[in-house]
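One chain, chain A, links the two complexes that follow: it is found with chain B in the first and with chain C in the second.
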Partner chain A sequence: MKASRARLFKEYKEVQREKAADPDIQLVCDDSNIFKWTALIKGPSETPYEGGVFQLAFAVPEQYPLQPPQVRFLTKIFHPNVHFKTGEICLDILKNAWSPAWTLQSVCRAIIALMAHPEPDSPLNCDSGNLLRSGDIRGYQSMARMYTRLAAMPKKG
Partner chain B sequence: MESDDDMVDDSVSMEDDFYSGDYSDYYDDPNDNDNDYCSDDDGDYGLLEDDDDDDQDALVSRRPQLGYTVLNEADIKQRQEDDISKVSTVLSISRFDATILLRHYNWSVSKVHDEWFADEEGVRQSVGLLERPVVQLSNARELTCGICFESLPRDYITSAACDHPFCRACWGGYISSTINDGPGCLSLRCPDPSCNAAVGQDMIDKLATCEEKEKYSRYLLRSYIEDNRKTKWCPALGCEFAVDFTVGSGNFDVSCLCSYSFCWNCTEEPHRPVDCNTVAKWILKNGAESENMNWILANSKPCPKCKRPIEKNQGCMHMTCTPPCKFEFCWLCLGGWAEHGERTGGFYACNRYEAAKQEGVYDEAERRREMAKNSLEKYTHYYERWASNQLSRQKALSDLNQMQTVQLEKLSDLQCTPESQLKFITEAWLQIVECRRVLKWTYAYGYYLPEDEHAKRQFFEYLQGEAEFGLERLHQCAEKELNKFLSGDGPSKEFDDFRSKLAGLTSVTKNYFENLVRALENGLSDVDSQAAAACSKTTSSKNTGATSKGRGGKGKGGSKTGGSSRNVDDTSN
Partner chain C sequence: MNQEEEVDEPGSCPSQQDSNPCPICLGPLVQESYLDTCFHKFCYNCILHWSRVVASKRSRPSASVKCPLCKTENFSIISGFDGTCFQRHYINQDLGDRFTFSKQHKYRLQCYYNEPGILNDIFNVLRFWKTRKYLQSNMWLQSWLRRELQALMQEEDVDIVVHHIHGVIDSFLRRIEQSRLLKKPTEATQDDFRIAVSDAAKPFLLARTDRFVNELELFLASGLNIEAYDAVYMQRLGWNAPGGSISSKPAEESSQHLGIVPYLYIFDVDSDKDE
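Take a look at the complex of A and B:
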């Protein structure tokens, strides 16, 4: 508990210091609980998520960083490795490939990389996975783009 | 018809070899018999035949040249240490690095050597044994831990070969959480995500708690058995022995020091002559059908005449209901015993599922023909016999136990014979237990024997019937006839006759079952040539022709060997 709090505090200070370091990621600690974080990440360019801003929720366990944080999308997203309803993410470094040297910041970077390179062979969203697996790239992209517009872009008017 | 005659003649002459009980085969030259039996194989496969001979020798001498070794924990540790020392010496690396290498290559010393000397650089890379650090640490007095991001004096920092700096406390937590996650801790790497430097037992020893170190060595020991292709744990509950098996040394049956026997290949119980795949299929099927089988599994059956429930508590299949009913029937088919005999394949052989195809001459056959229509009924037929031999085997085991602990001593006193001279009785019972096991598996074999291979099925059922008959006869003798001597009140003159009879039956039955196992293991290949010829005949003529011949053969076998034990009653409640 003490170690995880100290470590999170370090990360917090680092984030404050280097706010502008990565313009795609904006990590915010909850006002009252250092184990709760949210992040805003920009959809990577040249993907159907481009132009969208996606919100992530982090729940950090007491054993952190020996155990990975739980992360999910709060913004609806159409992606093979993200559960369409719950926003749960299937990513190896959040499960068995976790290393205590990862940080919340690097987790965000890994999630952005996942958005650009989906893994249709271990899908949480089967519809999306099947589109990719059957080679229907256009179908996948247009669905993903539609949901990006609907959910991840500021409403006009 | 000519080819049919060939086939049946062949099987009858085979039966002579198999059954005539010529002990000389067994005692003098075991290979002799084998050669007779495989005569059409003509030895144009030199190597294989050699193997067969070895196998045969082993079987007959009862002191098989074991193709396996049972290891206790100390043995395992010793072997593991030896292997580590070997690799460490030959490659001039530390014992810890040698351990990592061996584990990576599933504890095969030769594989480690081969790979290492072929491409040391590549091996080091994939296993994570670095020769030099990948990071250059500054000379500052303080370093930043890569996990807690604290700046700490150098003394607090430690690293694997890569020099990625982490503090002792974070290392401790990292190691502890992986060890508690399971055997994956054996392939522990540096916590830096981009680094694959291996973390060996030396680091564990420095940084883990006693309890964790204990767990780690446990996993290491287990890995030596579980990841090694040549060793497996004994599957018996609570048994801590492992079995090292030399692949290619004949059959897979092994016996652990805990007295549990199993097939090393699939770790199910020993199942010769049936192969592992068939056993897996059969066991899966039993699991799937078990709901249906519950009513059969129940240990009782109603008497077919008076409907009182009957529990079978003695060896053979000839049942007699308690007075006043006294109905005699066959436990397997519940048909009246009076209808048994030549027509059902001998008094003690009721294996004739196929017999239902005979032209409805009598009611029994009618009933069976109906059964044959339904595949579940077919399965039931085989399963019931499989399970009932299983039960008989368990019963025989407990009888054997009872015999060894109580009866032999009593008998020794009664007959004024030293117990050492009563070994033939124990041997008979051991043989019964073994035969029940084989017979049990022949029913799984029969179930999977293709329906359309008529000649094979016929030959198989014939062999099985003979086996059943021989075993029932032995069982009868070891159980019923022995009782007479147990209840008598002094030395009996007939005891010597009994001795030679039982010993004779034991060796004849043993011989027969060994031949049976071999015949089934090579897929009844003797039938193949004849089967091809027989298939060209019209089905009807073939069936009737072959069946009547088959029965002739059986009658012959029966009259030759049955004699004295035929008319002994078997009663039960």
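Take a look at the complex of A and C:
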């Protein structure tokens, strides 16, 4: 659709212009396909993801923004609402609660917020969800921190 | 990834022009419109499209739409405000005549997922051409075309396409009447027909064109009206008329609400390939 392309181009320009505005998010459009984007987001502070940099892959549908983009984690992450194998994200605004006023940038912000505030009652990663639901905050945090170290941080040395 | 390829010159001032863009297309407001409760601003077409997408996802028609920005329920779109008057578009206003994918459309679309040729022993297409049955004009063709194209294109307003294809068929059949003296073999005439209709339909039906031409010939060869044709078709497929209403209430075709209407843009996908 023409409209989706025009809108993505607007977002692209906005991202270029505001590159410094949000240091936690780095959104990059695929060189040859404006419907494919990747983002690097910083793990929020005071969470087990702090210090990690997580890569997201966006696949934007032709009907965008009337339909939400498909987003998944490329970087492995231990989080109740992220599928451990596929990186699929369970987030209402990416499904029923989508509104065309969201942008790729604001979706990234929503995902950062989700990282800081997991919803263990709608888990895609049951192990992680069960730890939180059974009150084992420490167990969840150490698992999440371990995977952040393993997958989302540059190797030392 | 090359992020530097599209750097805005600092001197250009898109931010001024876009200081208050439409939240949906992010472009300048076209036909500035307001939602009636929260008064958020959108392009008329943007908010109208969105309200339709929302409606198509609901299982039950609703008279309101949530504002994409603040989630307030709104009941109408106000546009063209010039200081004294404005137009108001109620959210449920077009529910009555909004295109709902009726059972008949579904049945027609399903036919395309069946192997072709299951009716070949009932309707003899070759005989249709040999015996020149096309000399009798088919008064149901236009309605048949409309339903078929609506089903295939998932689009309510197919008038122009119906008109176009009907015109091509009509003029072709009229021309072969005149050129019958040339003694072309029947098969060649049939091929010409298929090519002419394919050419006319291809831009709209894409990969489904060939099958569409098949179905069209079959319908013409049947010489039946739509109800009878449907009955034969469905009997052969081994289906009962869905809900038992197909043959008895064709008039309800467009008024049957079937809950969730698929919101598909099958054919938009290609519309901008050549940009």
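Please note the rule applied: the second predicted complex is superposed on the first by the 157 of 157 C-alpha atoms of A that agree within 3 Å, B and C clash if a C-alpha of one lies under 4 Å from a C-alpha of the other, contacts with A are read in each partner's own complex, and residues count from 1 in each chain.
We take it that contacts are C-beta pairs under 8 Å (C-beta built on N, C-alpha and C of every residue); 3 or more make two chains touch, one makes a residue touch a chain.
Just so it is clear, the structure is predicted and the values come from calculations on it, not from any experiment.
Clashing of chain B with chain C is the outcome of superposition onto chain A.
Between chain B and chain C, C contacts the larger number of chain A residues.
By the document's definition of touching, of the two partners only chain B reaches A:I93; chain C does not. Once the two complexes are overlaid on the shared chain, A:F35 sits clear of chain B and of chain C alike. After overlaying the two complexes on the shared chain, residue contacts for A:R17 are found with chain C alone; chain B is out of touch. Judged by the touch definition given at the top, the superposed model places A:K2 against chain C, while chain B stays out of reach. Applying the stated contact rule after C-alpha superposition, one finds that A:A101 touches each of chain B and chain C. When both complexes are overlaid on chain A, the residue A:F84 reaches neither chain B nor chain C. With both structures placed on the common chain, the touch criterion links A:P65 to chain B and to chain C.
When both complexes are aligned on chain A by C-alpha atoms, chain A residues 3, 6-7, 10-11, 14, 63, 65-67, 99-101 touch chain B in the first and chain C in the second. Residues 1-3, 6-8, 14-15, 18, 21, 23-27, 46, 49-50, 53, 66, 68-69, 71, 263, 265, 268-269, 271-272, 275 of chain C touch chain A in their complex. Those residues of chain A that touch chain B in the complex are listed here as 3, 6-7, 10-11, 14, 63, 65-67, 93, 97, 99-102. Contact residues on chain A toward chain C in their complex (touch as defined above): 1-3, 5-7, 10-14, 16-17, 19, 28-31, 38, 62-63, 65-67, 99-101, 103. Residue ranges of chain B in contact with chain A, taken from their complex: 146-150, 169-170, 173-174, 177, 191-193.
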